[in-house]
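Consider the two complexes below, in which chain A is the common component and chain B and chain C are the respective partners.
Let's turn to the complex of A and B:
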């Protein structure tokens, strides 16, 4: 059986009195895993611990079964794409990626060729000889990815790799990450956007305030979350008329009004409610301007999980949702 | 769990869809190779940076002064010695201090250190590589400037251009040592002080290297500029009833300068090996 990508046991990282991550116990399997959490949750700290840029304050950490800090042989097996925008502005794309390949042990003769090919794969072939300082944000992001991939590592640690990318670049990068997963690479992708990660993998690790909140299959986690009333916000011309009709439905738990021209309903069966609302509106001749779910974002998931567990019980009550695929 | 061999390569997996195909096997770079690669990276960046041109402009000033002296007929050995003294006492420490940010500090503030620390290279190779890259550029610029000054200073004198070559050789040697020493000092400051390392280095230079060199008596041996001038043959100890300057020879000053350069580099190496540089500030 293959070694898990990451195993941690009560891992802590403090920056003085500030908690980076706290009591982090997790096993991340091989394959593609999404590391989800809002800004400041500890995602980048966790990834920096995985590449040995930071030393744990407490607890144990293993990547591919090996210790991390000062382990050069392990680093040769890892490709890392940082979340920040820092890059060697005065180097060309090829020079940057080739230099990183050389530092990862690629022979001199092959590094330039590999650098060009990797940049080509990521859609930067035409810009390979331009200085990175002239690159757009999306192009920089792809150059950063290229330096992480150029030496063909077994493990890819990608910190917010889609930040600043245009839709085309997002699609290209997402596709490439999926391919790498299929090819047997272990990929850990961090993001604070749920649907970004969902498009790459169903396996996620939710972190919040430096602690593991939930881990496992995203659909299972969502099912657990769906057990609590799901909110749907409807913007229409006559919300009170619509509310009268909705409240008689057994799927609707409650209805209230937050703003002028809007109603918010709570349901335990969102799949039943979403078709019901336009149907009722059509029958009554009402005009619906918008149908949104304030729950359908990561922050809502965090809010729910932290509210349910209580701030001090987050780690203890972390959701484990093993197995299962997309419903 | 089986130990993994240090040689890793592409194309080992049949499922690998990498369109680049099989790549040559690679090895973790040796420390020497890592230093060479990092020095090359540093050299390339320094050559293209604004600091390179600023350094060139600063060094062009004494060269221009020598050219003016030639035109006005004021060159000769005393003029060359004076400019060499300015190089060793002020210009060399200032120029190397100017490059203090272009060391580890530059990688931290630019956040590029994360690319380097995630590679399979020993941390201590980073300050050493940066040091050598900066040294190569600055030493060449400074030595070239001094050689030009020598030519402009001596060309107007009969036979002096050839006869005074040993003086030039010692001057170049002392200046090279100055670059080695103050480059190491700047690397140490640029490794320890990542915010405004130039200011920190300059304060040190002004207090210790410039300030102490004027103090009479034995205290002045703490200033390396004194040793460098001794190596160049420009140090003339003053005799006094109370506080006489020490006698310094090449045999004394050369080991002191080399030892201090090594000391500064060791500080940088030790610091980078144990420090967590944060790039999320």
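Let's turn to the complex of A and C:
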């Protein structure tokens, strides 16, 4: 069984009186994992702890089974794409990426070659010899991504890698991240844009106000949120007729109509409801065009977990979601 | 602009040992420093005093050699052939001080704070380089640039003086000045390199640290010399970095010191300054966290 990418135990980071992250206890498996949360949630703090740029205030942290702070050998196995630019603007793209490769131990000649190849892969081949100061935001973002990948690390920690990229570049970087995951790389990618993460991986770590709200598979997490009814959208030819039959079922909590030819029902027992809908439609001679769940996406999970409930509510949700077993 | 899918290719090439990493940092720091027009100007202008002092030494030695070749006349005039050390000291201390100080403000004082401010730390310390690699990568180029400004003119003048020697005995008399100059300029360069780099590790504001270094350099100088003159307590002048350098240089070049203070006092003050600076720097880098 492979070593988890990250294991933490009651990990805390405080900046003076400000809490960066608080009581983080997580196990992140290999593969691609999305680190998700709004701005200021603690995503960047967590990633900086993972690369040893910050020292934990309390708790334990291991990456690939090794301690992090001051562990140079571990850092040779990690590629990090920071959120902020901090790029020397007088360097060309190739010089910058090659210098970073050399700092990771790649010989000078190979570094230059690898730098060019990596920039080419990320669509910066034509701009490789231009100074970074002349790069657009999206190009700088890709140059940072290139320096993270250039030395072929086992682990990629990408802090908001899609910021500033145009939609095409976003799609292609997303594809690249998925490919790296398939190639056996462990990738932790942070974002506050939910659909971006969802398009990369179903495995997420949801953080909010410095706390872990949820970790694991997005669909499994949704199942565990039992305090909110599960929504099912049914597109059929006679939604009102179907609604009349559904509402008498004890499993159905409510029914309402959002669009023409569609009804949305809420249930606390989705496993009982999903077979019931086609059964009733068949008995009544109704035609169902589509059966979907608007809840099975990250936005819904995120909304449920981070809805304005105050600190107690967040803590309660965190306990429930991170607790793992009990739905 | 599109991303070309060239597929993932594993890198199977060699990996260099960790100890080689500081070379990249040295090269980077040197190229950054050299990109500054002010640094180039300080380096170039810093060579002019050497030219002037060289011309003076050349004619002075030639004249002295002419007079010394007529022992009767030399004895009558009370002129002895000297090693021109006063001119070397004058050049190294009084002339180069300003250029070396300018170099320390331009290169040393922002050395670490610039990296913190620009966010370069987040790239460096996410790599397998230690704080010590970083320290060597910063101190070597900073020290090298300041040493060039401090030492090159002095060494050139000593070599000129040696080249002007007409006899082996004269050369043997001048030769100790080479050792004095090497020792003095090394202490000199270290004093102008290490404390400002340590200061730069205390803040991310390069300008503030440059100002702090200038204040630390000049304010105690004026204060110490002023107090020594006003109170007659010559030890008060030891609070000044330039005064300590001057006293040490005067002892090393065999000149009359400005204050009647034993040589080990300025030596101890400068040693304490260097050790303290190194301790601060190491402590700060050991604790450094990347908040960018």
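By definition in this document, the second predicted complex is superposed on the first by the 226 of 327 C-alpha atoms of A that agree within 3 Å, B and C clash if a C-alpha of one lies under 4 Å from a C-alpha of the other, contacts with A are read in each partner's own complex, and residues count from 1 in each chain.
Everything below uses one rule, namely that a residue touches a chain if its C-beta (ideal position, glycine included) is under 8 Å from a C-beta of that chain, and two chains touch if they have at least 3 such contacts.
As the structure is a prediction and not an experimental result, all values here were calculated from the model.
Aligning the two structures on chain A places chain B and chain C in a clash. With both structures placed on the common chain, the touch criterion links A:3 to chain B but leaves chain C unconnected.
Once the two complexes are laid over each other on the shared chain, residue contacts for A:26 go to neither chain B nor chain C. Shared-chain residue A:84: touches chain B and chain C both.
Of the two partner chains, chain B is the only one that A:65 touches; chain C does not reach it.
Judged by the touch definition given at the top, the superposed model places A:169 against chain C, while chain B stays out of reach. In the superposed model, A:122 makes contact with chain C only, not with chain B. Judged by the touch definition given at the top, the superposed model places A:177 against neither chain B nor chain C. Put simply, of the chain C stretches 75-83, 165-173 or 237-245, the part that bumps into chain B is 237-245.
Common to the chain B and chain C interfaces on chain A are residues 15, 48, 51-55, 72-76, 78, 80, 82, 84-88, 90, 99-100, 102-107, 110, 114, 117, 121, 147, 151-152, 179, 183. Listed in rising order, the residues of chain A touching chain C in the complex are 15, 48, 51-55, 70, 72-76, 78, 80, 82, 84-88, 90, 99-100, 102-107, 110, 114, 117, 120-127, 139, 142, 147, 151-152, 168-169, 172-173, 175-176, 179-180, 183.
Interface of chain C with chain A (complex): residues 1-11, 13-18, 20-21, 24-25, 28, 32, 35, 118-130, 287, 289-292. Taken together, the chain B residues at the contact with chain A in this complex read 1, 4, 6, 8-10, 13, 15-20, 23-24, 26-29, 34, 37-38, 40-41, 44-45, 48-49, 110-112, 114-122, 276-280. Across the interface of their complex, chain B is touched by residues 3, 15, 44, 48, 51-55, 65, 72-78, 80, 82, 84-88, 90-91, 95, 99-100, 102-107, 109-110, 114, 117-118, 121, 147, 151-152, 154, 179, 182-184 of chain A.
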